[in-house]
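Next up: the structures, one after another.
Shared between the two complexes below is chain A, which has chain B as its partner in the first and chain C in the second.
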Partner chain A sequence: MSEVIVITSGKGGVGKTTTSANVGTALALAGKQVVLVDADIGLRNLDVVMGLENRIVYDLVDVVEGRCRLKQALIKDKRFEGLFLLPAAQTRDKNAVSPEQMKKLCDSLKEDFDYILLDCPAGIEQGFKNAIAGADRALVITTPEVSAVRDADRIIGLLESHGVSTIHLIINRVRMNMVKRGDMMAMEDVVEILAIDLIGVVPDDENIVVTTNKGEPAVIEGSSLASKAFRNIADRVQGLERPFLDLNISTGLVGKIKKVFGFGNQ
Partner chain B sequence: MGVMDFNSLFGKRNKSSSVAKDRLKLVLIHDRMNCSTELLEMMRADIVAVISKYVDIDTDDFNIEISNRQYEEGGKKAPVLSANIPIKNLKKVK
Partner chain C sequence: MVQDNLVVFKGYADGIIVLLDEMANFEAVLECFKQKLKDSERFFKGSRVSLRFKGRPLSEKQQEILLELLANQNIVNISFVHEFENEKEMFKETDYLKWIKEQIESGEASLTHFHYGIVRSGNHVHASGNVVVLGDVNPGGLVTAGGNILIMGSLKGKVHAGMDPSFSHPFVIAQSMQPIQIGIASIIAQSPQGNKYMDIGEGGMQMAYLYEEEIYINQMDTKTLSHMLK
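This part shows the complex of A and B:
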């Protein structure tokens, strides 16, 4: 059964593209047929994050406007079996596509793929409406900051009113040392405020910057904590039970903080 | 500033994360209600129209609101929609 998953946040710069790249790659590594769709028309980025920027011939708008067949626009990622990218157009704007066209596109992709991951643009305008039009479920990304959480709340409301009822939360860039000293909201606080189910917590990790510099998804090399967190999210997306990571490993104060935050084996 | 310093030393509640959480909660109550102002006005108009068919009501003092006071049903929290409808005359002449 195929699923269209939109990765969205409202606020920009909280990690939608990074999450799309990593969760998508992890799903492909798990043997699924995956297509990453960059729905951020005019500001495409998923291609550079994935390291596939030199292989673009056609893009999403070309497909929608009939200048090429869908298969011609799909870029096969040679590093991972079953992973494809449908890049956004860079020289057009969000109005180049309508929600109906997007929905049709998602339906055609469903014939060939298990997971269709849509990297949504920031904001709540046309680009957002296009990206969610064909979505079966949503992953809402936030960081533990007031601005990001507020925007996430707005996005959750909009998703619900557009009929996307399966919504999960990813809290990105958590800095445990700050949470520990009370200077960053804990995951429990964010979950309580937004009142939706948590599907993953990703620590702030320098490795993400390094791997993005190189155009490689962080999940390739499995050692970093963020990489583990993304692979866990991919597993949970497939319906598998995975315990939440103990993010305190990095701070070296495992037991104590685990107790304080009750976060060890959730 | 002196008070803040004292609190940050001894008061758990004034950690910046709890300040963030408290501020967010307030902001979101406002945000969530703001979304439905238009809707509330439409509901108000419809309710006035329906009830006016049966009783004389005071439309000026008619008050409808979604309150933050939540009720729990089967563990699920939901906001409450309440309407205050002052009745002028119970028996509306046919």
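This part shows the complex of A and C:
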């Protein structure tokens, strides 16, 4: 059974595109047929994060307006079996597409793919309405910041009123050392406010910046904690049980020494 | 052109009555209903209503068309649709309705709106009577009422009770009282600067009320109640 999953947050810059790229890639690595749809028309960058920018000929708007067939616009990622990208148009804006057209597009993608991941633009305007029109479920991304949580709350309300009832939460960029010092919202606080099921916690990781700039999803080499977190999310999206990662791994010499002496969890 | 008097929305005790014109043809009535729904999108936003269709007998086919129309729209959040009634009379004088009538005539009636679930950022729940929220009020959420407000959860957003000046002793009760701003009648208070929320005590219901033009927040007990009613 194929599913359309919208990845959304309300607030910008919390990691929608990075999450789309990594979860999508991890699903493809698990042997699924996956298409990443960039719904951020006019401000596309999923193609950049995926390193597929130079291969774009046709885009989503071309498909919707009938200038090309759907198959022509899909870019196959040669690194992974079963991973495709449908890029957004860069020269147009969100009003170039209507929610009905998006729904139709999702329905035709469902015929060929197991998972259709929609990278939603920030905000709650036309672009958001387009992105959620065809969605079966949603992954709401937030960071442990008051402003991001507030926007996520608004987004959840809007998703519910638009009939998207399966909503899961991803908390991104968690810095455990700050949480422990009480300088950052704890995961429990975020979940308590938003009152939806948590599907993943991703630690703040420099490695993500590096891989994003290189145009390679972090899950490829997969030694970092963040890439493990993304792979776990992909597994949970498929309905598999995965325990949450222990993010309390201390790094550096002091941490290691503490660990030796059994103070690791202080 | 769509005639706009073919369909009339009427609020009643626990929902909305949709009065359909008896004479016009069904298609025209349907068009008008769609239009009215669209026009009142803002009015319905975020609230759950139950619908009751009245005014004209409907064939089974027509009932199906109506239900399908309701199923395919996302303007009104419908909690449930009453069985289609084909008799013309507006109200059946049930005991319940009779009681409500008596109450209203007595001048001591107070109607209460129940909101099921969380009031999230950007949501606004309002009723001319009292409001009961079965869930939290998150930061950015707003609850306003002509009368009292009861939050069966954490209050972290904004509330304003007693907007109807004729309402005596308006109050706000919440399981956990941490509002960003709280208003009772004409008085508005905000959480103290620095201290992010006005967090008062642990456990137990808390109550905000007006006493000599100032808002007091206290643990809810008989002492507080008698202070409020003074």
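To be clear about the criterion, the second predicted complex is superposed on the first by the 249 of 266 C-alpha atoms of A that agree within 3 Å, B and C clash if a C-alpha of one lies under 4 Å from a C-alpha of the other, contacts with A are read in each partner's own complex, and residues count from 1 in each chain.
Operating definition for what follows: a residue touches a chain if its C-beta (ideal position, glycine included) is under 8 Å from a C-beta of that chain, and two chains touch if they have at least 3 such contacts.
Remember, it's a predicted structure, so these values are computed and weren't measured experimentally.
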| item | value |
| --- | --- |
| Side-by-side fit of chain B and chain C on chain A, or clash | clash |
| Per-residue contact with chain A, leading partner among chain C and chain B | B |
| First, second, both or neither for A:Ala186, with chain B first and chain C second | first |
| Touching partner for A:Gly157 - first (chain B), second (chain C), both, neither | both |
| Touching partner for A:Ala226 - first (chain B), second (chain C), both, neither | neither |
| Of the stretches 23-31, 59-67, 77-85 or 131-139 belonging to chain C, the one that collides with chain B | 131-139 |
| Shared contact residues on chain A - chain B and chain C | 146, 150, 153-154, 157, 193, 195 |
| Contact footprint of chain C on chain A as seen in their complex | 146, 150-151, 153-154, 156-158, 161-163, 193, 195 |
| Residues of chain C touching chain A in the complex | 45-46, 74, 77, 118, 120-123, 135-136, 138-141, 156 |
| Chain A-facing residues of chain B, complex | 12, 15-18, 20-21, 23-25, 27-28, 31-32, 35, 77 |
| For the chain A and chain B complex, residues of the former touching the latter | 145-146, 149-150, 153-154, 157, 179, 181-186, 189, 193, 195 |
